[in-house]
Amino acid sequence: MAAEASMTGAGAGQKLRVEHLGMVFQRDGEAVSALEDINLDVSAGEFVCIVGPSGCGKSTLLNVLAGFLSSTSGSVTIDGEAVTGPDPRRILVFQERGVFPWLTVEGNIGFGLSKLSRAEREARIAHYVQTVRLQGFEEAYPADLSGGMKQRLQVARALAVNPDILYLDEPFGALDSITRVIMRGELLRIWQTERRTILFVTHDIDEAVQLADRVIVLSSRPARIKEILAIDIPHPRNISSPRYLELRDELLTQIGLAYEV
Amino acid sequence: MKLPVWLRPLLFIAVLLALWQVAIDRHPGQLLPGPIGVAKGILDLLQHGLLLKYVVASLFRVTWGFGLAVVVAIPLGLMLGWHRRGQMAAYPIVQLFRPISPLAWIPLAILWFGVSDLAAIFLIFVGCFFPLLLTAMSAVHNIPAVYVNAGRNFGLSSSAFVSRVLYPAVIPQLLTGLRLTLGIAWLVVVAAEMISVNSGLGFLIVDARNAGNRYDLVVAGMVLIGAIGLMLDLAMRSLERVRSFHWSISEE
Amino acid sequence: MNSVAKPRRWEAFFWPAIAAAVLLAVWHYSVVLTGTKIFPSPTNVKTGVIELLHKNVLWADIGDSLRRVAVGFGAAVLVGIPVGLWLGWSAKANQVVNPTLQILRPISPIAWIPVAIIFFGVGDRAAIFLIFLASFFPIVLACVSGVSSVPPVLRSAGCNFGLSSTQLLRRVIFPAALPQILVGVRVALGIAWLVVVAAEMIAVDSGLGYLVIDSRNSGKRYDLVVAAMLMIGIIGLVLDFSVRRVERIKSVRWGFRDAS
């Protein structure tokens, strides 16, 4: 049904392919299964959100996809190439403390650009400073930036190396709700300009429905894919529209939460 | 070859000792002893009943000097640290005195106390006093404002505040400071005993060399100093780990 | 903390001045009241300092002490930081070497003097060796501690950008650990300054430490003894202050702020 149809993304070109991915941890001699039989295809330029209850393994999944963890079974390929470790072609944006505090905004954004010529590097840095709207703060240190600005800086740093995929691990989780709303808009704007493939982990249902082309719902541990929902509302999305609320309720049901507080 | 984890550092030490012994054997007629010579020296001390006597003497002086410093410096430091102006007044003066090596106090110590145990204890006291004062001041300074406000919010009296908020809040940092300062005390006692009468590990080192170039005893003394210093440090660490003091670590 | 009102800037000078004045007064009057002929009063010490300055002895001694610290401490930094970084980086190496360090560390540099004299004879080199030894341990331990407290997030981020191990160490680990390393360096410098004085009292015949001992031995000049002690305190303070200044540089200062 809807799940089957949205297993593969809308549009051509498999960017990311995950097949029978499993992750088993050894903890105190016991085997703990974190991920079970994850299958997923993501197309180039797609915005995919991964939601699930706290502790279900969303971050583990993302870390495996980014190459920070090796799966115990199954495979992950990007553009046909197996993922064996961290690589600048797939950058992970962390929830907090991901920026380098000893470097300025420029220093951070330019971090992965050491192979470029000086002129090129400076041009790129200037471009992404603009993209994330941190003009005027080029010489500032992260200690002088707000939480939202630091996250924007991380995104700029990630984008500057022109990655194939951008992974975001609850990037707005440490921010206040107003900033979160603003940051969602910023991210969408950047995505619509740059058209990167994005995998975005969140525990916030609204966030998922507002941002994603498709939402992947994970069960609690061991995490399996419970449901893949296609969000067919065009941007900009009206968060009071019937279709939005319908999709949102569908997600809530999938996760097993009530409608009323 | 996979060695059990605990064996590796021991093996490393064994290798170092072996190298040391080889180096000594290569140079006969050399003054320095090898590890075997040191071990014999320790046995020598043990047999003459000096080992225990010297260790106890050194520990005795450290206990007194350190203890006095704790009793004087901690309450003083807590008081000064509590009052912002007190801290302002004391800080520069303490920072001026702190870099003065306890050894530089020797002439004054001898002037005031003569060549005696008291002079040695005084040196240890001086060496510990300033670091402890700073520790106490810093510990009070670092009490999170939320604790203070909570205490005030619940209308605690001054003495209740001190016993129920201040004291528990400063204990973790004080313990760390005490451990570090005890280490300093142990370093100073060696120096202090060079002007003391006739016992102690520091005295052993100086005397063994002066009265006959007994370098095996000198190094034996060094080894004992290192071992006891380590044990003191470990003992203090286990005190820090006692459950009821553990909250500062479990905070973050 | 328990201030009635926030202290003004001038108070940072006012209160220490008051405290110093009180201490000086107590000192002065206790000398007067006890009628001691030996222990100097503050004015005696002041004349003593001037005397030393005029004789040019003071500058030479200060120079000697500083020189020894520079060499011994400098060597400890050059050797200690790479060793410390390596031990911090490789948990295996640390596990093997650390117990040895922990055993050697509590051995007072003074206790090493006889050994130092055997190797280097009485003189400059013995003193420098002692300073090196005393500074080495705090630096290494601070490096190990600094490296191990680098948040894993930063390591992952560095790896993500395709850095090799050496690049990771140089561009991420070292800058991240630098605040803590600097604290270790500052502590080590303080220790170096204490040790140089001690070494000079025993194993050398120049420098501020020697001045302290010599002033007493050759004439019971306690005014010079205290004058020398004062100089030692001031220079030690200046050294500490200088490193604190370095700690305030922006690309290091982040490590000293509260939270964030």
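Brief remarks on what is shown
Per-chain residue numbering starts at 1, and chain names A, B and C are given in the order in which the chains are listed.
Everything below uses one rule, namely that a residue touches a chain if its C-beta (ideal position, glycine included) is under 8 Å from a C-beta of that chain, and two chains touch if they have at least 3 such contacts.
These numbers were taken from a predicted model, which means no experiment stands behind them.
Overall, the chain located most centrally, as judged by its C-alpha mean against the mean of all protein C-alpha atoms, is C. With chains reduced to the mean position of their C-alpha atoms, the one farthest from chain B is A. Inter-chain contacts peak for the pair B-C, counting C-beta pairs in contact. One inter-chain figure worth recording: chain A and chain C are separated by 48 Å, centre to centre, where each centre is the mean of the chain's CA atoms. Per-chain CA centroids place chain B at a distance of 17 Å from chain C. Once the centre of each chain is set as its mean CA position, chain A and chain B turn out to be 52 Å apart. Interface residues of chain C facing chain B in the complex, by the touch rule stated above, are 1-3, 7, 11-12, 15-16, 18-20, 23, 38-39, 92, 95-100, 102-112, 114-115, 118, 190, 193-195, 197-198, 201-202, 209, 212-213, 215-216, 222, 225-226, 228-229, 232-237, 239-240. For chain B in complex with chain C, the residues that touch the partner chain are 5, 8-13, 16, 31-32, 81-86, 88-93, 95-108, 111, 140-141, 143, 145, 148, 183, 186-191, 194, 202, 205, 209, 215, 218-219, 221-222, 225-230, 232-233. Residues 151, 153-154, 156-157, 159-162, 171-172, 175-176, 178, 250-255, 257, 260 of chain C touch chain A in their complex. Across the complex, chain C is touched by residues 66, 68, 85-88, 90-92, 94, 96-98, 100-103, 111-112, 141-143, 161 of chain A.
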